[in-house]
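The following block contains the structure, expressed as structure tokens.
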Amino acid sequence: MSAHYLAQQLINALSHGSILALLAIGYTMIYGILGLINFAHGEIFMIGAFACFGAVEFLEMSFPAGVFAAIAGSVLAGLLIERFVYRPCLKRKPEALTVFIASFGASLGLRNLFTMLFGDGRRPFPSAGFLEGIIVTESGLTVNVKDLWIFGVTVILVVGVSVFVKHTKAGIAMRAVAYDANAARLVGINGATAVLTAFLLASILAGVSAVAYGVSYGIVTPSMGYQIGLDAFIAAVLGGIGNVPGAAVAGYIIGLGEILFVALLPPGYSAARPTFVWALLFLILFLKPSGLFRPDMKNR
Amino acid sequence: MLSIENMVAGYGKAQVIHGIDLEVRSGEIVALVGPNGAGKTTTIRCITGEIRPVKGSVRYDGANIADIPPHRVASAGIGCAREGRNIFGNLTVYENLAMGGYVIRGHLKLRERMAWVYDLFPRLKERTGQLAESLSGGEQQMLAIGMAVMNEPGLLLLDEPSLGLAPVVVDQIYEKIAEICREGASILLVEQDVGLALDISRRAYVMESGQIRISGPSDELGKDPYIIDTYLGAR
Amino acid sequence: MGDLRKKWKGFCATLCFVSFLSGAAAVAAENKIVIGSIWSQVGVAAPPGQAGLRGGRLAVKLLNERGGVFGRPLELKNIDGQSDTTVISNAAIRLVDEIKVVAACGLCDDSLVSAAGSTFQSGKTPFLVASATTPTIPSIGDYIFMVPFGDNYQGRAVASYCAKTLGWKKVAVIRDSASAYSTELSKFFVESFREFTGDEGALAHQEIYQTGDVNFTAQLTRLRRQSDRQRIDGIVITPPFPQDSPIIAKQARRLGIRLPIMLTDGADDPTVIEVGGEHVEGALISTHFAAEYPLTENAKRFVETYTAEYGAEPGAFECLGFDSVMILAETIETIGKEKWDAMSLSARRTAMRDTIQIHKYVMTTMPISYPDPETAKYPRIPEKPVVFKEIKAGRRIFRAILNPEDLY
Amino acid sequence: MDMNKAMRSIAGLAALIGLLFLAETFLRGYYLRLVILFGVTSIVALGVTVINGYTNIFSLGFGGPMMAAGYASALLTLPPAYKSAVLHLPLWLEQMQVSFPVAMLCGGIFAMLSSVVLLLPAFRLRGQYFILASMGVTIVTGNLAENFRSFTHGDMGLRSIPAFTNIWWTYGILVAVIYCIHRLMESKYGRALAAISRDPELAGVMGIDIARYTMLSFAVGSFITGVGAVLWVHLVLTMNPKAFNLVYVFQIVAMLAIGGIGTISGALVGAGVLTFGAELLAPVQEGFTVMGLRIPPVFGLVNVLMAILLVLIMIYKPRGIMNGRELRMCRRKKGDP
């Protein structure tokens, strides 16, 4: 195992880890504040990708405009899901299971809707010239410009959201609502606003993540959010629910772990990659049931 | 300042409060005492807007607040420290206080109030960066009260501030309550320890089974044979 | 309670009415010749399923424009398999028992064929497997035929082309371990390639992924390291569905791997070029048909009419759907009108089976015939030429053709 | 009173047998298949309702044990010639060929054992973590089945599995399962389980051994789902790694959610809605002509409608169509589609 080989694999994990990290933050925030697995988060991600695809392909916008379209699409989807699925569902103070199934229904419905409209096939995702370059270092490492962009943007967003949640009034209020919604109301925090903020942030990140996914793999499909959504949720659990930087770090750990699992074992094992991710989850949950880092929102 | 008239309230079909009248005047401490399950906490919840009364009115500074949602009550000038330490365990002491002052507009004002609370409870200042859940019981109670007064409330609702605390700590807390009142806040104090409550308050209401049984100036109530028999007998 | 019972009765009545209507429709359709198909329109198998159905519909349209099968309109009744084992198994029973088709075609995934195959066999209804290619599939029974060539045959053809025409000595293979198509085809390819090169070590490297993977960089980086250490002439990828190969190609090029790429018929699809863009330029594809090759006029006509109808060039799945329907139509015509009219449904089905077994098809894109089941190693799999194309300037250009006699 | 009840049970059973006879005689292949499929699905749904509805846990891991049961039964009943041709099995397994009831029993026991082995460690986890871990069990089992080719034949799956499942086996077992669950729920165990599912903490305080009862209902439920899986395999005649994947698991959970989790009627109603609803509505999306108006095909419409139905039920009737009640009169009629 040469250092050169490892270094290249590490570079390979940059974009995949970033995609997972951005998604994982979304899961962690919504789980933190509402205590529910937002199963439809993968679909919010998918809708972002379709929004970008549609804007560039059909409306002939430029790629940067497409990125904003992706964010807008995701945010719209996230807020609609919050408004028409979770809010009416939670209003009746249901059992956790009810909300879980509703969220799963929302996910299924959106995925099927997009399948109905666009078909199951993969469509080409637009890209921009400035993302396409390849840098080859003297030692022969290949670095794609898009990976650098994705990594850079992700780091900025992760730091931004972490600072927001940690230090701004709205961010602290969000964590307060996550801890005890009733107590938060008594000091004058509007719980609904905090929940909306969480959905807004989660959706923005999902939109960016969708663009990163599209640029990296060049495709957009209605089922794109399913697999990666599960992986990202695992990352959220590993990172300690509600812990924003934790989720991001865990996203990179899983992204890198998947790459290294394939890279370090003989080719025959590559197909067991899904099993590896879950095995990692089981292992960590048994050793440290609250995740790698301290949960930051829910104290359970 | 606060006046409750003929209020009826409950949870779903179970009626808990059967028509009470209660008044807190400006600058006074009013105690609401009574046995467990008498409806004291429910009364507090009606004032904070968590429960909407079935009948009757809750007026604060002349305006009916029975129908406004809880998160608006705080900005109307009512602070509340609830039974069971209404603090955010996952936030630091500083952050908790900042949340207590959530409705304050302007950074300077927030700083000023925070300094005031730190003056009131120097212990909190020592613990400012610590997570609230790591504090001791007494410190948590101080924090809860500190949060409630951050907003410089005209009316402070205190629900069982002595619950589960060592007597020494209870004395400290009650000193602070008196101090807060001297700074200008009216206080409605819900307390199980009747003797303690009558000592600090100017007037008191005794609540039993959802109704006000007796009310009057605290020193008079302290001499009332019924009160002595029922509540102060142990003393 | 009474209300519920009333509703229940109403529901039953509606059910009876619906089934009565469908029965009535079946009687009215007596004049038509109804063939069935199962192509998934949703789920994992939907992209090839939709392509297959488009091809099949085109064949029906062309046949009906020409006057149908001996003057009668042909109807293709497709049931959406939803890529689901249970649904497909139900669909097979519906086609055999309820719609009473004379024969059926469709399906594109080996595991899904298993769900339908035994139903067609026990219902004694000929079934043409449109695009699953494992050579053991027709061992389900003598009513099950394949339209594409088997993996053994294509594997050998690709090996022959790589070793003899392109002169490759060492190859790397990338395959999907969750797909029977991919594993079987790679296996047969490697066996034949070793035979043709006479080199046991001709397979320089092998990489594996799992259906649904989108990140292949780890595998490709290892492949690149291997190609730095020893000579590799090309990469053979056997993707079960069109979706994977352009992504693999894209990531390979982005990692600086410039080796020639050979794809198999699962990748002969316009989306490969749409998604892959410049990254799949120069890739070779083995497939079933080519418009440019003058062996039959049909392939050209198929490509032209398809392009006119759908505004895009067809791929392998469209071609196989088209061929499936054409085989069924030609079979019925071969049996002849008088004989056909005199036969009962089960006799028609059996006659179709017997005809498919011996007839040499000319209405399909390429000449297709089935080998003698007594002597063939894998019976009921067609012998037909394998076409090689190259992707050039976003189009698939004909490169070569290998006839069955060239291979063995 | 008792007499009356017994008479009614016998009358109900006789009516059911009569209906099944009618169904077998008059229903054609496809409709007969739907009736059988409804029975099989109901058995699985009942098994899952025992696992998830009667305790305080919620498992999405039953796909894994079902897969184990399906493969076990297939391997035990396939002809040795087929097994030696496509698989690489230990000799004893290759040569073994058992009768259907034995295979079914083995399948059930295998499902029970594997679910206990797979999910027992996960009992340490709480709430949504458990759901996540159990989901992983289903995914991982599928992934393993795809890659252990010598036992499972990989993605191609096993085929030519003997067709044993018929209307009598299916409904015989369904009636037995309903009877057992009914008796279980009215016994001491049932009351304990009911207490646990309502308020686990209170039940614990009352001295109910939660872990033991949860295990019990978990094992019983897994056994029933295993038997259901065996029936499915011998009905569809193929077994592949995607047979009981997460999609299938979610379908069953959706059924229970629609019908109402935790009751026998809920499971049956849910299974009915999904089996017949999806099959009857499927032609709608293939496009049709109404009074000269051509409705174009919209594939996937049924799936979208089902998902919307699921969300609406969760919002407005969180306890399902049956709202947590049992329908006593209707239950005996379930033989009739």
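Just so it is clear, A, B, C and D label the chains in written order, and each chain counts residues from 1 on its own.
Rule of thumb we're sticking to: contacts are C-beta pairs under 8 Å (C-beta built on N, C-alpha and C of every residue); 3 or more make two chains touch, one makes a residue touch a chain.
Keep in mind it's a predicted model, so treat the numbers as computed, not measured.
Q: What chains, if any, are shared contacts of chain C and chain D?
A: A
Q: Ignoring chain A, split the rest of the assembly into groups that are still joined by touch.
A: B | C, D
Q: Which chain lies the greatest distance away from chain C when centres are computed from Cα atoms alone?
A: B
Q: Going by CA means, which chain is nearest the middle of everything shown?
A: Closest chain centre to the overall C-alpha centroid: A.
Q: Please work out the Cα centroid separation of chain A and chain D, and write it as a whole number of Å.
A: Each chain reduced to its C-alpha mean, chain A and chain D end up 33 Å apart.
Q: Using CA atom averages as chain centres, what separation in Å is found between chain A and chain C?
A: 37
Q: For chain B and chain D, let me know how many angstrom lie between their CA-based centres, rounded off.
A: Chain centres of chain B and chain D, defined by C-alpha means, are spaced 55 Å apart.
Q: Using CA atom averages as chain centres, what separation in Å is found between chain A and chain B?
A: 43
Q: Counting only residues that touch at least 2 other chains, which ones in chain C make the list?
A: 42, 46, 177-178, 210
Q: Residue numbers in chain D touching 2 or more other chains?
A: Those would be 143, 146-147, 299-300, 303.
Q: Could you list each pair of chains that touch one another?
A: Those chain pairs satisfying the definition are A-B, A-C, A-D, C-D.
Q: In the complex of these two chains, what residues of chain A are touching chain D?
A: Touch residues, chain A against chain D: 31, 35-37, 85, 88-89, 92, 94-102, 104-106, 108-109, 112-113, 115-116, 230, 233-234, 237, 271-272, 274-275, 278-279, 281-282, 285-286, 289, 300.
Q: Using the touch rule from the top, collect the residues of chain A that touch chain B in their complex.
A: Within the complex, chain A contacts chain B at residues 169, 172-173, 175-176, 178-180, 182-191, 242, 296-297, 299.
Q: Taking the touch rule as given, give the residues of chain C at its contact with chain D in the complex, in rising order.
A: So the residues of chain C touching chain D come out as 1, 4-5, 8, 12, 15, 18-19, 41-42, 46, 78-80, 84-87, 89-90, 93-94, 96-98, 110-111, 114-115, 117-119, 123, 134, 136, 140, 177-180, 183, 210-211.
Q: For a test of understanding, state which residues of chain C touch chain A in their complex under the given definition.
A: 42-44, 46-47, 50, 177-178, 205-210, 212-215, 217-219, 221-222, 225, 242-243, 246-247, 250, 254-256, 271, 274-277
Q: Which of the residues in chain A come into contact with chain C in the complex?
A: Going by the criterion above, the answer is residues 2, 5, 8-9, 12, 16, 112, 115-116, 119-124, 134, 136, 142, 144, 216-219, 221, 227, 258-263, 267-268, 270-274.
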